[in-house]
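A quick write-up on the structure given underneath.
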Amino acid sequence: MPSALFKGVDFYNIDSLLNEEELMVRDTVRKWISDRAIPVIGRYMEEGKFPMEFISEMAELDFFGANIPMGGNEPVLNNVAYGLVMQELERGDSGLRSFASVTGGLVMYPIFEFGSQEQKDYWLPKLRSGEKIGCFGLTEPDYGSNPGGLITRAERTDSGWLINGDKMWITNGSIADVAIIWANTGEDIRGFLVEKERQGFSAPEMKKKFSLRASVTSELILDNVEIPFENELPKAKGLVSALRCLTQARYGIAWGVIGAAMACYDEALDYAKNRIQFGKPIASYQLIQRKLVNMITNITKDQLLALQLGRMKDQGNYTFAQVSMAKKNNVRNALNTAREAVDILGANGITYEYQSGRHMCNLESVETYEGTNDIHTLIIGGEITGIKAFE
Amino acid sequence: MPSALFKGVDFYNIDSLLNEEELMVRDTVRKWISDRAIPVIGRYMEEGKFPMEFISEMAELDFFGANIPMGGNEPVLNNVAYGLVMQELERGDSGLRSFASVTGGLVMYPIFEFGSQEQKDYWLPKLRSGEKIGCFGLTEPDYGSNPGGLITRAERTDSGWLINGDKMWITNGSIADVAIIWANTGEDIRGFLVEKERQGFSAPEMKKKFSLRASVTSELILDNVEIPFENELPKAKGLVSALRCLTQARYGIAWGVIGAAMACYDEALDYAKNRIQFGKPIASYQLIQRKLVNMITNITKDQLLALQLGRMKDQGNYTFAQVSMAKKNNVRNALNTAREAVDILGANGITYEYQSGRHMCNLESVETYEGTNDIHTLIIGGEITGIKAFE
Amino acid sequence: MPSALFKGVDFYNIDSLLNEEELMVRDTVRKWISDRAIPVIGRYMEEGKFPMEFISEMAELDFFGANIPMGGNEPVLNNVAYGLVMQELERGDSGLRSFASVTGGLVMYPIFEFGSQEQKDYWLPKLRSGEKIGCFGLTEPDYGSNPGGLITRAERTDSGWLINGDKMWITNGSIADVAIIWANTGEDIRGFLVEKERQGFSAPEMKKKFSLRASVTSELILDNVEIPFENELPKAKGLVSALRCLTQARYGIAWGVIGAAMACYDEALDYAKNRIQFGKPIASYQLIQRKLVNMITNITKDQLLALQLGRMKDQGNYTFAQVSMAKKNNVRNALNTAREAVDILGANGITYEYQSGRHMCNLESVETYEGTNDIHTLIIGGEITGIKAFE
Amino acid sequence: MPSALFKGVDFYNIDSLLNEEELMVRDTVRKWISDRAIPVIGRYMEEGKFPMEFISEMAELDFFGANIPMGGNEPVLNNVAYGLVMQELERGDSGLRSFASVTGGLVMYPIFEFGSQEQKDYWLPKLRSGEKIGCFGLTEPDYGSNPGGLITRAERTDSGWLINGDKMWITNGSIADVAIIWANTGEDIRGFLVEKERQGFSAPEMKKKFSLRASVTSELILDNVEIPFENELPKAKGLVSALRCLTQARYGIAWGVIGAAMACYDEALDYAKNRIQFGKPIASYQLIQRKLVNMITNITKDQLLALQLGRMKDQGNYTFAQVSMAKKNNVRNALNTAREAVDILGANGITYEYQSGRHMCNLESVETYEGTNDIHTLIIGGEITGIKAFE
């Protein structure tokens, strides 16, 4: 059973590359996850509910949008510390990290980058404190990997914008107070703030899923929704603005999934050392050791990859293709690590009483959202060859 | 969406290797699955319930224990036809095939092979007709891969046997009228029929699982259960008798999972041909074609493997190591096929509205039960090298 | 060390699916390879020479073009027996099988299918008897995967055809008496017989290769080569005729590589059982058993795939995409089997004193020629999706 | 064709983590390899000869044993710079890096660590300057993965030691002036310096290999070789001393193979961008991009792994299990990268005119020597589980 004394996984002395603040933040979130999330998250997964009571606690830890330099100040956290927060959250559950990713990378970030001063002043403090919840409405039923084709329309009226369209697979949708809606104006794609109270807006929750069950996934329906001009994000121009948000979210994912992988490795190792078959711990079998070694080798490399990406990001010197590499690589490895852990757990692997199966199910979503493995392959491929192999 | 007109997957004209009766039986079950199971099984999976009303319908199709020569007659089906039934059932859901595997291979088979005439006369017709349900109690909490170490005890009393112990991961346990309990008598391991009404016997259902949710998995608790002498399976002597049952069940699994793989391939192919991204069906992308080609190549080989195994079994000329190869190989391939299908389905992959995710979750159990991948590796390895690499 | 008593690899009683003639032919070639090729082929590989003295011996065994119904007679061998011959030859060396593939599938076949009666009468007996050697000139330096783009030109003159162009990677080129040259006439692609004595024709051997060193690979240079009208293959019309030859050759490869895989498995198993480390045979280690089990599982499936393909071919009912599946799958598996065998052999894996390293090096060519893995993926992908994903 | 202007592979701005001296040393060796090795190394490989004339040039660059603090001085290079030298050498050929690894890690290192002052004074300057060549005699025909079982005997005589035994797979053996021989004294394993002139010592070269052909591999035969007491390495006590040398060599390998992988990636990328098939560069095909992306992702991670290992080594804070992870992981990835590159090169992949095939062949040896993949798996597995799964 998971212990409150999670030690992390550090085969290559990566802690020595972190500064004191980074370590402290990491350990704070680690402890919170051990204390609060681990004991109950399996039940939320089973019941298909998001743990709403965690929002205020997470806000108190002050990491929503913590890598954004709000109000002209230094950001609360550098990008490495922020990444470590994502890692620890996802050690608990991908749903918790998803909530934080959406809040910080997909709602606060675009308001900060593309919003008016009024929008910033109103929303950023409320989102940071967990008083308000946001969601990011880009994906549509027929436009997943190709968001540029989105068909949601925003028409200019005398008093503002009239928006029509459907969004799908929207994390937090049904619990959000505000949605960032990306719509085509006929000229280009722009972003709009749509509050949940707007007439014609609804956000039915999508159920029937076996993944991210401790997270809210929704459809957003915009049926002649009218919003005033001041709800437009004035500096968001074109798809590229939306994609910049995705880059933020992908960065967080690249870190987050290391936490999920650590949880699985730790659980599988512990199980293997204690599970006796044929008179000895299964950890003494070569076939089991091989799996564990694969797991820790990948975790180690993925830690180094995320760390270097974070250092580059802190220096303001990084590319979206570099982010794609870390997202693609780290998620796939975490998924494979979870699968191997489930394998080691034997029959126990399929229950919510262990963590690995839950992580495995969750990571199927994480593998897909914010760009599938294939899409990131082609983004990187385009970068290194100079030739785009899709569209 | 799944169609009632499922055509199967046959890239290598394997139908030409089947006789008319085999094809007819296959098509009958295929149609039943399309008509009855496909429309509702996702809901059962979601709700975590076994579709009890299917039992009598399956019994009418007369395939419970259909490859057993009951009553001195020829079996209803040869082993290939029986395998095809398993394939079609699992095209619907691994839970349905599991029910049939347990009933035929793990309950009727041991009664037929090791039972007294009275046991046969009483139980076999009732199990065949679905009037009674059985389960197979071998695995224990601490003895999964190594059933020989089981600690359930049967002590001889004046009037029969006193049984104490716990069994775990028992398919059908909570709905079974009778359990075949394997226990150590101090001398050797023997099999016993324990009816659900016996004092001290209980079978609490195991919930909190994300796999085989449309199947019942239970613990069996035997707390000073007394049974008369005539409840012993007289010809079951030692672990080897229990293992012979596993061989029967593994044979059925090797066929069954081809059905799950077919369902996933079919769904993924259909989706890929109809899902438009960047202006064309995703089936036109090389990375998608690569996945589909891997899937159908594996299905084709696994069909040939199962078929040759079935032909050998019909000739009475096969080994448990050959069964291990087909179980190990076909389940792993089916699992990988399901994973690739989920990948192709993108975000939709994680919902119960599509089949592939459900199959993927189910196959995690199938990968483990009746011998993990590693155990079968070592069984085959022992056979080819002459050296046992475990114990 | 390789033994003259090679038993083959047959984990699934596949011999029982072969008729007496097929077994007899197989065993005859198997013995010839054990007696003649195995003792010396490593030296030929090392020295980079083709064993010319084997040609007449192979001819005596009468399998050049043995699956072609020459002279209106039944073919000497059905396609399964022919496949088994390829398997046994390649158990010796891919170079020997390549010689037979070229002779039968790429030279005799097109003469038989597309040639005039005079061409057949003259060349087929001489090729069958090994008196003459042929080669197949399709591939060009810039047109490998896309032979349809070939730039060799044939211009009609008063007395015949004037051919100009370069061919590359031509097996047997430098030792061939006649080359089947595919050239563009301006209207379409046609085949021509070019004898080695023709003015302007030269066939320099390509050296500097680490693969198929016991086989001759050549460039063909056609510099204003004039041939009479009667040297045209009259029934060869368009690229499709050349591709039909490739289908023949691919069929033989799909069988052949099973032989290479068998040799590697057999050698690795034997080594593992006899190599002692840490006081026991390395075959007793789980990590070694895992490799051996992977090897034999793949061999077994590939045998079944080739056999079913052969049966379909004998019934005249098969498609080029089915051949692509067997070529692609069986070669890749053979290559991986060789790699695993080399791994098991440890340091010995890299010498010509063992067979596996030689096979591994050879199979790199076999993986590429007659269609790379990727090309076959896309051929199959085109077939199952109805969408061509290249060109 | 390889260019003198090799730019390296740096997708993650790893250069920014290197200091000026490290970059300068790296670039010096890089240029030397481009200028001197790349143009001719294929021919040496083909002819099976070590380029003896390179020894003095390498010595002038002063990197033999450059990470050893000889004479009480700071080492010439820190461990990262030393690793970069290995990387650049192996970008040329694994044989060149092997020569340097043996000289520095397996000959100079043990003399430095375990030798007497006289031994150090005599040998270290001569080895550093290339005036003398050394080799490391640990492996025996029957003791590869298990060197502790070696049977070479050293018997104490009146005047020194009498050594009898056979060593195998010894890099540099036939060209070495001195061999470090590890022998069992009956009490423990010790190291001895045996000069080539000693009566009874011979070092026949091992030919018939397809890997490391531009490197010398030898048997060492010690037939009643007498050496004086002062030829014993006085501080080498037990197998652990020999293993410490292996750790040095493994460290260099972990870096070296990145160079081989870079060469393959660079060549494959260049080829893919310039090779036209079906009217466009093959780099525009998704299946090709997928391979290239896999390659560069692995190279990036392996760079980070080696760098962190180097930094830990410079701090004197690292374990042999950490070295095992980098050796195992980086070699396997380099081998797979070479295989993918060969695949992209198509038919050209099998010639010595391209680099990738040569690297692929070489890396088969590198995968095995200094600990196979399996052995390193079990070393790491032992570390993380606390249970040794071999012996």
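As written, the chains take the letters A, B, C and D, and residue 1 is the first residue of each chain.
Heads up, the rule we're going with is that a contact is a pair of C-beta atoms (placed from the backbone, for glycine too) under 8 Å apart; a residue touches a chain by one contact, two chains touch by 3 or more.
Predicted, not measured: the structure shown is a model, and the values here were computed from it.
Peer 1: Can you check which chain pair, A-C or A-D, has more C-beta pairs in contact?
Peer 2: Between A-D and A-C, contacts are more numerous in A-D.
Peer 1: Comparing centres built from CA atoms, which chain ends up most distant from chain D?
Peer 2: Measuring from the centre of chain D, the most distant chain centre belongs to B.
Peer 1: Roughly how far is chain C from chain D, centre to centre by C-alpha average, rounded to an integer in Å?
Peer 2: Each chain reduced to its C-alpha mean, chain C and chain D end up 37 Å apart.
Peer 1: Determine the centre-to-centre distance between chain A and chain D, using the mean Cα coordinates as centres, and give it in whole Å.
Peer 2: Their C-alpha centroids are separated by 42 Å.
Peer 1: Using mean C-alpha positions as chain centres, tell me how far chain A is from chain C in Å, no decimals.
Peer 2: 51
Peer 1: Of all the residues in chain A, which ones touch at least 2 other chains?
Peer 2: 285-287, 290, 377-378, 390
Peer 1: Quick check: in the complex, which residue numbers of chain B touch chain C?
Peer 2: Answer in residue numbers: 11-14, 17, 269, 272-273, 281, 283-286, 289-290, 292-293, 296-297, 300-302, 304-305, 308-309, 312, 317, 322, 325, 328-329, 377-378, 380-382, 384-387, 389-390.
Peer 1: In the complex of these two chains, what residues of chain C are touching chain D?
Peer 2: These residues of chain C touch chain D: 42, 46, 139, 142-146, 149, 168-169, 206-212, 276-279, 285, 287-288, 342-343, 346-347, 349-353, 357-358, 360-361, 364-365, 367-369, 372-374, 377-378, 390-391.
Peer 1: Tell me, which parts of chain D touch chain B in their complex?
Peer 2: 285-287, 290
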